[in-house]
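Following this line, the structures themselves.
Next come two complexes built around chain A: one with chain B, the other with chain C.
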Partner chain A sequence: MARIDDGYDYLYKIVLVGDSGVGKSNLLTRFTKNEFNYDSRTTIGVEFATSIIKVEEKAIKAQIWDTAGQERYRAITKAYYRGAFGALILYDISKKATFESVERWLKELKENSDNDMVIMLVGNKSDLTNQRQVRTDEGKAFASAHGLNFIETSALDASNVNEAFTEILTEIYNQKRAKPVVGDKEQAPDVEKVQNIRITDPAKEHSKKKSCSC
Partner chain B sequence: MDAECDGSRADFVAVLRLQLMGGVMGRDDLKRGERKSTSFWSSLWTGKVDVKSIEQMPFVDRQECLKEIWLSEVLSDWEKSWKSERARELYYAGVPVMLRGKVWGMSIGNDLQIDPSMYSELVQLARDRRAQCDEDDIYAEKNRLLAKTVEHLHIDVPRTMPHLEVLQDEQPVKISENVGKVLEAFLMLRPDIGYSQGMLFLSSMLLLYLDPEAAFVAFTNLLDKSRLLDFYQNSADKVELYMNAFAQLVSEKLPKLHAHFVKLGVEPSMFLLNWLMSAYCRVLPLDLASRVWDLFVSEGDTTLFSVALAILESLQEELLTLDFDSCLRTLSQLRKRTMDQDALIRGIKKIRLSEKSIDDALGKCSRK
Partner chain C sequence: MTSVSPNMSIVSLELGHKTSRDAEADLLDDGRGDGVCKEQVQAEGMENRASKNLEQKNSVMERKSLAACLKNEQASNEEKGMALSAMHKMIMDEDELDAMLELGVIGQVCQTLRGIHVFQKQVDKPGNALVDELTKEELNISCSGIRCIALLVNKSSKARTHLMEDKGLELVAIAALEKSMVDVRVDAYSTLATMGIWSGPRYALKVVETPGVMKCMDYIIRDENNEFDNMLKVSMVDAVSVLASRNRARKVLLDYEMEHSMRDAARSASNSRAFNLAAKASVASGALDGKTLNDLGFLVEVSDNDSDSSSDVQLVEEEDTNVTRTPSKPALEGTEVYDNVLRTQADMLNKDGNQGVSGRLLELGDYLTVARATAAATRGGSFSDTDAAATAEWRSLISGDPINVRRKNGDGAHLKALARQGIPHSLRCEVWPYLLSCTDLSGSDVYEKAVSTGVSKQIQVAIDKDITRTMPEHELFWAGGAQVGLKSLRAVLRAYAAYHPEVGYCQGMSSLCALFMVNAETEADAFHMFAAFMDQFRFKGVYSDGLPVMYELVEKITYLGMEKVPAVMDKIAAEGVPLDSFLPVWVMTGFTYYFPPTLAFKIWDIMLVEGNTDMFVCSALAVLALSEAIIMSGNMEQITLWFQNGFAERKTGIVDNPELFLKVALEFENAAKIEEVDEEPTCGIFSKQHPLRGVRRLPRRTFEFVHRTGRRPFSKLAERRRKPS
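The block that comes next holds the complex of A and B.
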């Protein structure tokens, strides 16, 4: 497939869901900007960030939508599940209640997505070892019972954050590859979208090309 | 001070210093500087000051000058003058920091006739009820629900306006200490509305300029019958209708930008929910947000839509050159920009949507 000039081959939309305060926004800024903000503010509605990673020499651009965690916001934020190829459901390993909500988030995702979504369960705040309320094997067991990927992360000390996103993006990529017929059909609109949202800033494009290994 | 507010930091320190001079809610009635400045300013102008000339002044002079004008022309006869054309001009020029609490409180009014002394009773009641969660009576379920909501809102308190302090009775008070209490009291009074993320930004803003009782009265009155309630109650249909109505307004006022957004797939909800549901406190530098609030408290929530259009208009040329990612990044990180405050306020004044123009846009969208 021809490489698109903008510096990436595939664009995958991913959503972040989970209860308030589990660390969705910080997980996102850790991944996209390598930053952790102690003063991060409550997310209202949705926020958005992107990052590009390499999988098998292909540049994959993740378009990640961070959603407000409060239950009553679901009516609004669920519109963003449409068209998503993947989702991370976050809980806080130091707050049992946020783990108990995972089942509802899962149901919500399945009811409102139109794709065969890759879903990953993420136990965040793994740095809070002394306050742990959800054991790793509990998370693992839930994930395997529901056919989800599983990982524990810490946006604060950065452990496993890149791994989580790389794993889900790779899985999406492989899923698309594994179904070439459906994949081709599904890739087509992606590419269109990619072309649509290209910017024509020569300086920027130039620098992007330079950093590109191809 | 929030590191993200750096742009307005210097001004904001000045704001807090001025509050110290004036006292929150004008409690000291601005004793300091008054002797000198009253005669000083009145000797300069015998007639009405042209508001445009104030824009050129340095921050502190401008505050002093506006204070004199507000005191002599509006506050001296509030009922008669606050809705006048002159007062409108003055709201657009900006309410001076030392009078802001007073003017906001009076502008919002108290149609609900809430007795400010209810505040501490309601805060206490909320605490008592939460303590009775485990009791086995007909209220237990309600109390547990309340406890859960309060627990949730306290997760958000430190994530609203971290580190902000104001001076009350000469003592520095962390805004966050009262932000949660105002909401707890509100929950007791309006359990039908409940707590929604975003509300804390409003109560924080009010607490910056008003004492807790007055902030509670203002908050409750401000939300009553407000269009913001449709958002806070997260009624998906209504919110979608507002988003479409806003797109309609953009297409009428800024057709080029609208076409650009449509081409890229940028939808109003991607930035507007954040702007409206925090009444701009989350997205604009605090001093600019305060000026937006001068208009919000005096002209009502239609202003919030005018502000959105004015922001888009001011950024239009830049946005037209940007792709999807950069557009959204720009629209969600307004705090990091240096914005010409007076220019934006002029833009809002020029647009100034009426209640009817919003209703019309809503009507057009609901028929579609």
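The block that comes next holds the complex of A and C.
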């Protein structure tokens, strides 16, 4: 496991949330490995993956945390919202109930994260056209009412998956470039500062702000 | 298809995946399926189309129309026959085979075969049908169908599950006994052998109870007319041995007096080529019935007759079956004979690219162990093989009244030592219930009551979402399969949620439940073990609201990790890898998620005997300790990925060497015994300066602290170590 400096200019942490079974893990593997696994396993706790994309000639690295959807795991997964620059809230367009949970997920994210987090609403499984229970305009309406970005994807046929991640990363990039990062002394990051930005891990992030008295 | 470049086959595979939902929909929709079929079949004729399209990379339509043709009641026999033979050609290609399976092709083949009158008659009176009774088309269909089945079951565990569930084995047995189908007899026999060898606990009984199967097996093993080659006989003997390792199936085999055929086969083997058969047959007859194999003298007698070198013995299966007499050599020792048998077995398995090979290897290795043990037991234990002695001992331990084995054995030192060698896989479904003291429940109606109680819609939905995502690589739980395992898993999880509403259902429970199901003879057994485990090992608390016991275990691992493998923990802390990105998964799935079954089962063997969850803690520490060299040069991402699944990949030397792993894990055995920390710790979160100092019961609270403050418990420690002042 040699330390490889895989050359990137910016590093952003993103979380995937949404009800159990909406396809978070497959959306992630479609994006990071271009794979879709029919025999995928339940995510327990959190899973991690990274990918690098180009935005305006800059290499942006995404550290993505895929979280378990079940209520009881909230204690573990919540810690990962903190310090995340962006979040994708997923629902399954063929299951109304997963769309109805979106509001709860949004509330949860807002309560546990920095305010300027970029949030995108993602209607997944758009390939299941015959079983659709949530219309595209319903998703759109919810997103615009809450100031979220919106997209419909299919991890199965790969449609819009890269677009979804590219869009959110671009938006984060634009937002972060417009103002100083993380509220600390750091200005807009460059390659040198990537090391600092890496400390978007909830633990360090927090300890830096609070300066613990131990 | 085989000439297609790798990229191309990926493309076609993807296409197959992409459209499989559509394809299912098509097949469900009769009208549409038939329409496609009629147009295409009648327009150009299947055979023609098939050969043409085989050259093309996109054969999705091909597959669908073949399947649809079989399904079409109006298609003529001639068309069906052609469709089947086209299918047979197609599935020679493994990618095609997989895609065909997705379309439920075994079911279609069985259904088609049932349409032929030969397959409708009673299997009790086989061998009487005359060729005249079958039209040429019917014979054509029968032969192609059987060939398809043989090919499918040989290559795919999914196909085997399908065949069992579709009751297709019965059809194969008919074909095997049918004089008119002499052309495909070998295909049918080899299918029977394959099904026997690969029958898990779930299907063993079904296989032997399928009408005609025993007759075929007996016929081939006896081979009175000298008509079968060694390879087939060896496979059949293997099949019997595997089946004999299952209690209920063994009873049926004994009723059929199969041990006599085995013994005869072993005795009649008179040269080195047949040596392997002989050795296996004797082992198998031992597995069937200890009395038949009076002692190992019999085996040595067999080996006396033949084989000039042990390497020759190993090669038996690889070489041609043309038999030549080789000079004799001194008798092999009993162990050597067995080793050779085992090695041949392993070689065979290595050639098989199927999933779950390791599990099978274990299972196959095990019936031999059982046989060894039985032999050892009958000889008064003089056979110097610790495995054998252990197996015999397990048998005697569990043969008494159903009582708590752990308690019965006093301090259990002996039992613990036994468990560390691993409980033979074929005995697990008997030993585990004993260890969990739930054997007496198997006759009770606890399970039925729990099943009938029912659970809320919400829990049902949560369970349904997970069952197809639990051990999907295991054929019992493969969603595209016959779904028996899935139905049982769903039933047991629902029953448990009803039985213990305060626990209900939490993700992770399905993994444990599946583990028990793989090692149980019946659904109710799995439930009883699952419920007993949750109670006795405090695992209810792992899954109940707030996951308290999970945090406790994770914190114990963290604490001991800092003490025992400080370099690793410092590195993890220094890179900012969150511990809860991997430790909870290990605990909540009982070390089944990333750990190969061979290792996971052994961890569980030890833990069930010890009676507490220390073994989980030890196993986690072992992963950390064994990872040290690798993670030292890694960054946060690499280390996170390493602990999430990297370490579990093949050839990392962590989990693919169970012996080493368990040895390392057990080094932490004493350390793991701590329940509370009595002394004031001297560093990190445990130091006097820390706000939480003085907290005795560390686990849960420290973890809550971590979540409240977002700080890792030992980040200070790591900092201090980095900057020695």
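Basically, the second predicted complex is superposed on the first by the 172 of 214 C-alpha atoms of A that agree within 3 Å, B and C clash if a C-alpha of one lies under 4 Å from a C-alpha of the other, contacts with A are read in each partner's own complex, and residues count from 1 in each chain.
The rule is simple: a contact is a pair of C-beta atoms (placed from the backbone, for glycine too) under 8 Å apart; a residue touches a chain by one contact, two chains touch by 3 or more.
Quick caveat, the model's predicted, so the values are computed rather than measured.
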{"item": "Which superposed partner A:N130 touches (first chain B, second chain C, both, neither)", "value": "second"}
{"item": "Contacts of A:A68 with chain B and chain C, given as first, second, both or neither", "value": "both"}
{"item": "Touched partner set for A:S51, first chain B, second chain C, both or neither", "value": "neither"}
{"item": "Partner chain in contact with A:T170 - chain B first, chain C second, else both or neither", "value": "neither"}
{"item": "Partner chain(s) touched by A:R82 [first = chain B, second = chain C, both, neither]", "value": "second"}
{"item": "Which superposed partner A:F36 touches (first chain B, second chain C, both, neither)", "value": "second"}
{"item": "Which of chain B and chain C A:N162 touches, first, second, both or neither", "value": "neither"}
{"item": "Of chain C and chain B, partner touching more chain A residues", "value": "C"}
{"item": "Chain C-contacting residues of chain A that also contact chain B", "value": "20-21, 39-48, 50, 63, 68, 70, 72-73, 75-76, 79, 198-199, 201"}
{"item": "Complex contacts: residues of chain C adjacent to chain A", "value": "17-18, 21, 25, 461-462, 465-466, 469-473, 478-480, 506-508, 510-511, 543, 545-547, 576, 578, 580-582, 584-585, 588-589, 593, 630-631, 633-642, 644, 689-691, 706-707, 709-712, 715-716"}
{"item": "Complex interface listing, chain A residues touching chain B", "value": "20-21, 39-48, 50, 63, 68-70, 72-76, 79, 193, 196-199, 201"}
{"item": "Residue ranges of chain B touching chain A (in the complex, touch as defined)", "value": "2-4, 152, 155-156, 159-160, 162-163, 194, 196-198, 200-201, 233-236, 239, 263-265, 269-270, 272-274, 277-278, 282, 321-326, 328-329, 332"}
{"item": "Partner chain C, residues of chain A touching it in the complex", "value": "1-3, 20-21, 36, 38-50, 63, 65, 68, 70, 72-73, 75-76, 78-80, 82, 97, 127-128, 130, 156-157, 198-199, 201-207, 210, 212-214"}
